[in-house]
Amino acid sequence: MQNKYSIGILGATGMVGQRYIQLLENHPWFEITWLAASDRSSGKLYGEAAKWRLDTPMPERIANMTVSPADPAGAPRIIFASIDAAFAREMEPKFAAAGHAVISNSSAFRMAPNVPLVLPEVNAEHLHLIEEQPWRKQSGGFIVTNSNCTVMGPVLALKPIADRFGIEQIFATSMQAVSGAGYPGVPSMDILDNVVPYIASEEEKMEEELLKLLGKLEGHAVKPLAARMSASCNRVPVVDGHTVSVSVKLSRQATREEILAAWNEFRPLAGQNLPSAPDQPVEFAPQQDRPQPRLDRNRGNGMAATVGRLRPCNVLDWKFTVLSHNTIRGAAGATILNAELLASLGKLEPVAEAAARA
Amino acid sequence: MQNKYSIGILGATGMVGQRYIQLLENHPWFEITWLAASDRSSGKLYGEAAKWRLDTPMPERIANMTVSPADPAGAPRIIFASIDAAFAREMEPKFAAAGHAVISNSSAFRMAPNVPLVLPEVNAEHLHLIEEQPWRKQSGGFIVTNSNCTVMGPVLALKPIADRFGIEQIFATSMQAVSGAGYPGVPSMDILDNVVPYIASEEEKMEEELLKLLGKLEGHAVKPLAARMSASCNRVPVVDGHTVSVSVKLSRQATREEILAAWNEFRPLAGQNLPSAPDQPVEFAPQQDRPQPRLDRNRGNGMAATVGRLRPCNVLDWKFTVLSHNTIRGAAGATILNAELLASLGKLEPVAEAAARA
Amino acid sequence: MQNKYSIGILGATGMVGQRYIQLLENHPWFEITWLAASDRSSGKLYGEAAKWRLDTPMPERIANMTVSPADPAGAPRIIFASIDAAFAREMEPKFAAAGHAVISNSSAFRMAPNVPLVLPEVNAEHLHLIEEQPWRKQSGGFIVTNSNCTVMGPVLALKPIADRFGIEQIFATSMQAVSGAGYPGVPSMDILDNVVPYIASEEEKMEEELLKLLGKLEGHAVKPLAARMSASCNRVPVVDGHTVSVSVKLSRQATREEILAAWNEFRPLAGQNLPSAPDQPVEFAPQQDRPQPRLDRNRGNGMAATVGRLRPCNVLDWKFTVLSHNTIRGAAGATILNAELLASLGKLEPVAEAAARA
Amino acid sequence: MQNKYSIGILGATGMVGQRYIQLLENHPWFEITWLAASDRSSGKLYGEAAKWRLDTPMPERIANMTVSPADPAGAPRIIFASIDAAFAREMEPKFAAAGHAVISNSSAFRMAPNVPLVLPEVNAEHLHLIEEQPWRKQSGGFIVTNSNCTVMGPVLALKPIADRFGIEQIFATSMQAVSGAGYPGVPSMDILDNVVPYIASEEEKMEEELLKLLGKLEGHAVKPLAARMSASCNRVPVVDGHTVSVSVKLSRQATREEILAAWNEFRPLAGQNLPSAPDQPVEFAPQQDRPQPRLDRNRGNGMAATVGRLRPCNVLDWKFTVLSHNTIRGAAGATILNAELLASLGKLEPVAEAAARA
C-alpha cells in the first residue's frame, strides 16, 4: 500500500468525482489521499458534503475524510480534476504551476495547443505535448486532459477505421444520458417522456475534440484530422450511457468484413498491463438491435465501447451505432486510464519518489 | 348528422384505431358506423374488445357498438384501415374490389406504383393515381395510403425547402416514441432507462417513402425525388411524438432567413377548409432547445410539425430538428386528412349519394 | 371583457403560476392583468422570464406582459399566489393588509386558525373564517388557501364517505408526480428508474390538512375531524398526477354499493355554475387496473378525482386508489375554484366595483 | 469442478431463469448442466432461444448448451424452477415424483400444506415439511418453494420485529419494478409516465405468503402468524427493485432504538457459510430519503433488504420503507439460497452421490 501513488481529487463531490472514488476503491496503483470541492463543502466530512448517487456504497474511508479547500498547498502531486470550465480555467494552471500533474476531465484546456487531449488507445503519443507547457519546465507540473464524454465512443470506433481506410466525413447524432449533465443537472420535468434536442456547446466540443484526438502530432503541435465532422446532440431519459448514430465517408473503399476486422484487431494497449484498460476497447455486438445503454454500458467494466448495426449508408459510406458509458469510459475512467499511461511512462515520478521506487 | 359520411374502421382496437375514434368524435363530416378488428374481437362490444390507452374517455356510443368481422359485406363505402401489413395485403384489395374507398395507414401498398402515397400538404396531385387502379375501373373502389409515422415530420419540413432550393442529400436520425409500435408493442423491460437503435424495416420505409412523397406524378406513375436519403431509426422512452435530427444538402444555396420563410409561408391547403388541416403545417420554434415531444407534440391539435435548431451543417448544408405526433399527424390524423381531401375533391361520392347530397 | 375580474398572479413563472395562466386563458370571469415573480424576473417580459413547461403554447398576450415586482402597489385587488412558504409568510399578509383578496396555493397559512383552508366541494362554509382576519376588518383584504396537492384527491374521495358513514382511521400512501416539486424541482438523476420514499414535510401536511378540511366550523374556529391519519409519501417517475392508496376505518358499516353511491351522488356544487367545477368531482373507474395517472389525470379538465379498486381491507374496513391532477385539481385549479366560489358569494367585490356591476 | 452439484433449470429463458444463469456463473457449489424451457425453445441452442435482458453478458458455455424438453428424463437431480403457475402445477410434481429435488420460485405450491415456503433467514425449520410429501417417501424427490418477489423485503424486515415484539397488524403498499412481470411483461405504453395500481393476484399472495413465512411449524403443518395483513400493490416505471411502505402494530411497545437493534442484530445464518447469504440480511439506511431502488437494490449482491424511514405511525405503531431486488433476493437468489441451505443440511445428496462425495 505504501508504494501506491497518492491521488488528490478536485471536484470530489460531483458525479464524476464520485466515479473517481468508486473506480479507485481497490485500485492497484492509486490511492486517494486528498479531496477538494467547492468552498461550500470545504471543511466538512466527505460523507456529509456529497450527495452520493452511485449504486455501490460510498467507501467508509472516503466518507470520513475531510474535504480540503481547492488549493495546491497540502495536495498530493497527482490531481484528478473534474470541475466546471470556468473554475478549471483558474484552478488547473495554479496546480500545474505548483508542480502538480493535473489529469483533467474538465473542458477548459482540451483545445489549448500545448495541452494533450488524450485517449490512450487513440493518441498516446500526443502526451509529448506536456513538454511544451511552461509549468513543466518550471516546476515539473503539467496538464493532461481527456475528451468530452460524448466523443469517447465515436473516437474509439473511428480510430481503427481511420488508420486503415482514412476518414473524410463524419456524421454523429447522439442520444445522451442524464448523468452527463452532473447533479442536479437535468430537471426531471425536462426529460420524463421527452427528448431535449440541445446540449449547450456539446456539438462544438464533439466536432473539434474528435478531430484533435484523431490528429497527428507534428513538431510542437497537433494537426487535427482533415475531415468534415457534423454533430447533433440530444438528451434522452437514460441514466448512464451515451448512444451515438454515426455515418462515415472513407478515403478508400472498405468491406463490412474489413471494418469488423479493424475493430476486432484494435488492441493498441495490449501487453502494457494498464489496470483499467479493457481487453478489447471496441466490442462488436452482432445482434441487430444492439448496442443498448442498459444492456451494454458496463462491458469491459464500463471501459469498452460497443458498436453494432454496421450497414451501408446511402449518403456517406458506412453507418453504425456506438455506445459507451459516459461517466466511466467518457469521464472518470478516461482520467484514470490517462494516469495509468502516464505512470507507465514514468511521467508521474518526481525525482525523489522515482528513486524511492527504484 | 344525416348528411355525414359513414366511416368504417378496419383495425379499430389498435393504437391507431383508437386515435381514429378519438379524432372522429365530433368530426363535422365523418361519422363512424362500423368497426372491425381481428377475429378474436369480432362479435364483442367495442368497449369489451378494446384495451383503451388514450387519455380521453372512450366515447359511450362507440363502446356500445358491436365489432364486425373484417368483411366488406355490411361495411360502409369509406374504410379507414390501420392493420398489419400481411393482413392489409389480403384485406385492402378485397374491400377495394367490392367498391370501397380504402384510406389506409397500413404499409402494404404504399410503394405500389398505382397506389397514391399522399400527404395533402405535400403531394395532393398524386391522388390521380387511383384512376390507374383496376378496382376503380371495375367497382369504383380504390386504395389511398398515408406514409409511415416517422416520415411525416421530415417530409413536411423538407417539402417547402425542396420546392424553393432543391434537395440532393438527406440525413435523418430518429428518436421514436413507443406508441408507434402499437400495443402491447415495446416491452417496458426494453425501453426503461434505455434506447433501442433498431426498428424493423423502419429505415427502409423512411428512405423510400420520403422520396416517393417528394416525387413528381409523371404520366401514370410517380417519379421519386432524385436525392440520396439515409435514415437511422431509434426507439426512446417517450409515449408520443417522434423527434428527428435532419441534415440536408440543397441544389441551390439558401440563407437561414430564406429557409425560415419557406417554412413560414408553407400553407398549401389555405382556403380549402379541410377540418383537420392545421393553419400552419410547419411551425418554427425559436427557442434553442426545441422542439421537444412532451411540449410540442400537440401543436395544431397534433397535426402540425414543429421544427427548430436550424443551423449550418459541416457535412451537408443545413441541419435542424423536426417533431411530429406519430399517432395523430403520423397515422390517424393523416388518414383523416386524406379522407377530407378526397371528400373535397368529390372522390368519396358514389353516384347515388352524390345525388342525394346535391 | 370589461366586466371580468382583474387577477394578479404572485409566483407567475413557477409551475403552478404557469397553470394559472393556462387555465385562465379564456376564463369567463377572470382576466390576468398583473404578473409578479422573484426579483430576478421583475422588469422582464414574461416570455423571457418564464421557462414554460406546459404542452399548450404560452398565450401571446401574457408573453408580452412585463413582470412586476412583488409589491401591492399597482396590483389588482384579487391575487392568486403560489410562492414558497417562507416568501408567502412575508408577502401574503402584506397584500392582505393592503386590501387584497389573496387566494393562495402556498402552504404558509393553511393551518392558521383564522385562515380558511378550503376545497369548495368539501368545506365551503369554512370561508366564514375570513371575517376573523384582522386585515378583513381593517382594509377588506383577506387570505384564503387551498390544500397541498396530495391531499386533494383523498379528501374529495373521503368527504362523501365521512358524511354518510363517519371516518375513524385513515391510511394513505402516495405515489407523486415530479411536477409537484416545481421547476427545476426533482433532478432526473434522482427519479429515472427510481422511487424516492421521502418528500420533505409532505406527510405532516397531508395528515393535518386533511383533518382540517374534513373538520367542522364551530364558532370562530375549525374543529378538525377526530380521526387518526397516517400518510406515507413517495415520488415516482410520473410527470403529472398523484396516485394515492387509501384505507379507511368507518364509524358505521358500509357496503360496497353504499360507498359507490356516496361517490356517485356527491355533487355538492350542482346548480352553482362555477366555471371550473367538474360535473362529477369524484368519478369511479370500474376497470380493475384504474385509476392511472397517464390515462385519468385529465378527467373533468383535470378537476375530477378518479377512484377505483374499491375492496375490503383486512386491517381497516375499505381500501381504494384515488388519483388527481396535482397541478390542476391539486393547485392552480383549486385556487381558481376557490376564487369562483368567493366571487359567487360576493366576497370579491369591493364596494365601488360591486356597485358598478349591479 | 467435478464435485459441484449438477443443476437443471426449468424455465431457463425467462427473466428469473436468466438470473439463475447469471448468479450461478462461478458459483462455488452449483453448476448448471441442463436447461429446459417451453416447447418452442426446446432443441435450440440457449443463445438462440433466449432474449437475454441482463447487463452482464450471457456466459459462452450456457449460450452453447442445447435447450432440453421439460421432462425429467435426462435431467439432473436438482431442479431450479421458475415457470408459470399452471405449468408448474403440472410439471413440478412430475419431477418430484421422478426423484428430483425441485427448488422452485413458482407460485403453484407455495401455500400447499405439505410444501415448505422458505426464506432461510426467516423459517429454515419449515423445511421439515418435505418429509410430509408423498414423493419424498417414494422416490426421494420433493418440492421446496420461495415466496413471491414482493413479500421478501417486508418479511425480512418484519421477522426480527416479530421475534422480539410480536406483530398484530401489518399494512404494506408496494411500488413494484417491471422486471417482476417477466418478459415481454408490462407494455411500455402502460408504464411510461404512469403508475398501474393493480397486479393480478399479487395482494392475495403477499397477504397469505407473509403470514405463512412468519408462521410456526407445529407437528405436520405450519400455523400462520395470527396477524391481520393488508397489501396494496402498484407497478411503477422502475426496472429492478420493489419498494414497500410498511406499517405495523406490535404486541409489545418498542422504541426506535430497539427496532434498529433488532434489524442490526438479525444475522440468523451467521457461521453457516452459505455462499449467497448476505452478511447482513437487513441493512438500515440512515439517510431520510432512502432506500431507493436505483441506489440500494444491489446491496449484499442483491440479497440484502434495505430498510429506512423508521418513524411512528398515527394509526398503527411504526412505519418504514423496505426495498429488495425482486429478481435476485425476491426470486433467483432466493431459490439458490434455499438450495444452499438444503445442501448444507445434506438434503440434496442421494445415497450414491453422497457416498461418492465422502
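Going by the order they are written in, the chains are A, B, C and D; count residues from 1 in each one.
Criterion: a contact is a pair of C-beta atoms (placed from the backbone, for glycine too) under 8 Å apart; a residue touches a chain by one contact, two chains touch by 3 or more.
What you are looking at is a predicted structure, and each value in this text was computed from that prediction instead of being measured.
Student: Between B-D and B-C, which chain pair shares more contacting C-beta pairs?
Tutor: So, comparing the two chain pairs, more contacts are at B-D.
Student: Tell me the angle, as a multiple of 5 degrees, of the rotation that maps chain A onto chain C over the C-alpha atoms.
Tutor: 180
Student: Same or different interface residues for chain A and chain B, judged by whether over half of the residue numbers are used by both?
Tutor: same
Student: Quick check: how many Å separate the C-alpha centres of chain B and chain D?
Tutor: Taking the average C-alpha coordinate of chain B and of chain D, the gap between them is 48 Å.
Student: If you average the CA atoms of chain A and of chain B, how far apart do the two points sit, in angstrom?
Tutor: 43
Student: How many angstrom between the C-alpha centroids of chain C and chain B?
Tutor: Chain centres of chain B and chain C, defined by C-alpha means, are spaced 40 Å apart.
Student: Residues of chain D that contact two or more other chains, please.
Tutor: Answer for chain D, listing residues that touch two or more other chains: 53, 190, 192-193, 237-239, 294-295.
Student: Write out the stretch or stretches of chain C touching chain A in their complex.
Tutor: Contacts found on chain C: 15, 53, 178-179, 183-193, 237-239.
Student: Can you tell me which positions in chain C touch chain B when the two form their complex?
Tutor: Residue list for chain C touching chain B: 52-57, 192-193, 239, 294-299.
Student: Residues of chain A touching chain B in their complex?
Tutor: 169-171, 173, 175, 190, 192-198, 207, 228-230, 232, 234, 236-239, 243, 245, 247, 288-295, 308-309, 313-316, 319, 321
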